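Some structures are shown below for you to check.
Each of the two complexes below includes subunit A, the first together with subunit B, the second together with subunit C.
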Partner chain A sequence: MEISKKVAILGSHAVGKTSLISRFVEQKFPEKYLTTIGLKVDKKTVKLDKDVVDLVIWDIAGQDEIASIPHYYLNGCSGYIFVVDLTRPSTYENIQSQLLMLRGILRDAEVVIAANKVDLIESEEEQQEILHNISITPDFCTSAKTGEHVDDIFHKLAEKMISVHESR
Partner chain B sequence: MKVDELKLGVLDTLAQVIVFERNGTMVDSCHGLADISALIGQSAFDIFPLVGSIKEVLAGLTTEAPPIKLPAVEFLLIDKKGYFDIQFFAHPANPDLLVWVLVDNTSLYEYFGKIQKERNLLRMEKEQAKR
Partner chain C sequence: MLANPTPAPHQLLEELRQLLLAEDREKRSELWQRLEELEAEVKKDEFQEKLEPYLEEQLSLLQKNFPELFGKHLGTAIKVQIRESQSEIIDALYPIIGKLIGKYLRAEIERISQQIDQRLQDPFSFSSLKLRVKALFTGVSYQELLLESTAQPKIEELFVIEAETGLPMGHFSLNNLSHPDMVAGMLTGIKHFVEHAFEKTNEELNTLEYEKYKILLHTFENFYIAAVVEGNLNAKFEQELRDTIFEFCQKHPIEKQKAITQITKEELSQQLQHHFEGFNYGDK
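After this line comes the complex of A and B, so read on.
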């Protein structure tokens, strides 16, 4: 099966959304911090065991309030990746309420949670301590800088969307 | 020269209007931002991933429905790269057609981008200082 799906990358400002996309699509890590204004769209094909998924990735400007995202940005999304920054508690303190709000807006969309910037965490103990403070367990700890688990978040989202697509 | 002519003269190089059928086939366009003559007859859904990714949403557009508005889209229209305010709506005279309008606001959004970047960096510095 070959399908095309719109997916969004969401999360607070400067958590690394654009860098994750850049690493996934172009295998590059932008060393300089660039702020996304509005949105940017990229495309990449993910090959799974039996299926091919064309991901059309909407990189949406960082927002602290989900309600402030223009609703047309989210219309038609089949899935989204919610990104938090392991080094900044403010990006995951309200994760439950933010995901709850997103589930209300994107009722049928699949979600993958990425805890980014794991390369900046100095030890396994520190990482576990931070993860303990995040009220929802992330699917992956990622690093756009090193590439750690970056492909995995997109592959997992593609697999989840295919699974739902086949069950309908 | 009439005011409307002056207005159109100003907008001519700042905006582009592309008309396409509901199956995505582009049928007409002005060339205010980029010359897309070679793309007429081809599918906007195939050529522009942004448009293709919302084709199910576009299918729901009627002449009574409000336009779909996508502000501040970083976009490449052939050789014209910039920040565009984009909107889609059903053609008022022919509901079988959809209209895609791009308005170039690159200089404005680049300015906003600089301001936003400064604010974000300042907020992150404050967060780090608290820890």
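After this line comes the complex of A and C, so read on.
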């Protein structure tokens, strides 16, 4: 079955949401930081074992407060990727309350958590220490720059969405 | 009568010097002049050599900061120049602008002639026969009607888009648009943004304009239809298009889908194509 799904990529500003999409869709890492204004929509097809999922990815401008995200952009999302920046504690300090708020808005949507910019962490010990301070364990530590685990976050989200779709 | 007095000894000595040294003195004066010239030259070279690195540095700084340093003054100077020497400016720009306009006109004429050729190549098509009958009854020549028909607005793209998700449920394209999902998503984002930005309830975005294209949006409860129209969209065409959209929705009721799959998309896209492919070129 080939199925289309709307997914959103969310998180504070400058955590690397657009870069993760660029890496996933175009296999490119934009060296220059350009803030996303409003919204950008991209698409990529993910092939799973049995199904094919057309992910229509809504890259919504970063907001430090979930309440500030225009809710009309989130309508109809089947899943979302929540991105934090491993080098900036302010992006994951309130992760629990932020995800709780998102669950209230996106009741039936699946979520995958990405801890991005792992390439900037110098040692495994430092990485473990940072992860220990994040109250919810991220699904993957990613790097849009090197491509580490970038495809995995989208594949995992596609799998979760298909599994829910088939069980309904 | 007095005899000539004998010249004084110093006068005699001077005369003798003149006779013996005049040539030497002249040469010395020339040499002195040449020496002064050479001295000046040497000094100038040294000066230039010492100054050169500073000059180069200043020159590169000037090149780098030229827009900041002189941009404002240049802008003012250009404005004054344009205001005060309009005819000269026009004379200077005319060849460039003329070429651009010419290029645009050639492209447009080529496009129209291609459309006419296409119609002439198939003189027995339904649309050509219809134009001939119209020419017969109205008295307007077939050529004029043919030319008029090429200037008609036409649907380039047609989308049925799920209102909530912005996913395309079906799509009909004259140009094989490569990213219908992204276009449908962005259209939905813009639609939602505009409808919420002005905090008006029950107000809907109906039209978007982009150069020679107009995008007509027709909103239903769970979906909306977006038609991308090229050309001079007049009220008659718009009304006919909106009526045809209604007709389509009555004939093919579009219900809220559990999931948008390739199968549902293809089915709806085919229905759209059958219903709208004859809409363009006055075939309505």
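Note that in this section the second predicted complex is superposed on the first by the 168 of 168 C-alpha atoms of A that agree within 3 Å, B and C clash if a C-alpha of one lies under 4 Å from a C-alpha of the other, contacts with A are read in each partner's own complex, and residues count from 1 in each chain.
Rule of thumb we're sticking to: a contact is a pair of C-beta atoms (placed from the backbone, for glycine too) under 8 Å apart; a residue touches a chain by one contact, two chains touch by 3 or more.
Note that this is a predicted model, so its numbers are computed, not measured.
Asker: Should A:Met1 be classified as contacting the first partner (subunit B), the second (subunit C), both, or neither?
Answerer: The second partner, subunit C, only.
Asker: Once the structures are superposed on A, label A:His165 by its partner contacts, choosing first (subunit B), second (subunit C), both or neither.
Answerer: A:His165 sits against subunit C, while subunit B stays out of touch.
Asker: State whether A:His13 touches subunit B only (first), subunit C only (second), both chains, or neither.
Answerer: Only subunit B; A:His13 stays clear of subunit C.
Asker: I'd like to know which partner A:Asn75 touches here: subunit B for first, subunit C for second, both or neither.
Answerer: A:Asn75: touches subunit B and subunit C.
Asker: Which partner does A:Gly38 reach: the first (subunit B), the second (subunit C), both, or neither?
Answerer: A:Gly38: touches subunit B and subunit C.
Asker: Would you check which partner chain A:Gly62 touches, where first means subunit B only, second means subunit C only, and both and neither mean what they say?
Answerer: Only subunit B; A:Gly62 stays clear of subunit C.
Asker: Going by the contact definition given at the top, which residues of subunit A touch subunit B in one complex and subunit C in the other?
Answerer: 4, 6, 38-43, 56, 58, 70, 72-73, 75-76
Asker: Help me check something: in the complex, which residues belonging to subunit B touch subunit A?
Answerer: That would be residues 49-50, 52-54, 56-57, 68-75, 83, 109, 112-113, 116-117, 120-121, 123-124, 127 of subunit B.
Asker: Taking the complex as given, what residues does subunit A use to touch subunit B?
Answerer: 4-6, 13-14, 33-43, 56, 58, 61-62, 70, 72-73, 75-76, 88-90
Asker: How about subunit A: which of its residues touch subunit C in the complex?
Answerer: Interface residues on the subunit A side: 1-4, 6, 38-43, 52, 54, 56, 58, 70, 72-73, 75-77, 165, 168.
Asker: Which bits of subunit C are touching subunit A when the two form their complex?
Answerer: On the subunit C side, the touching residues are 162, 164-168, 179, 181-182, 185-186, 189, 192-193, 195-196, 258-262, 265.
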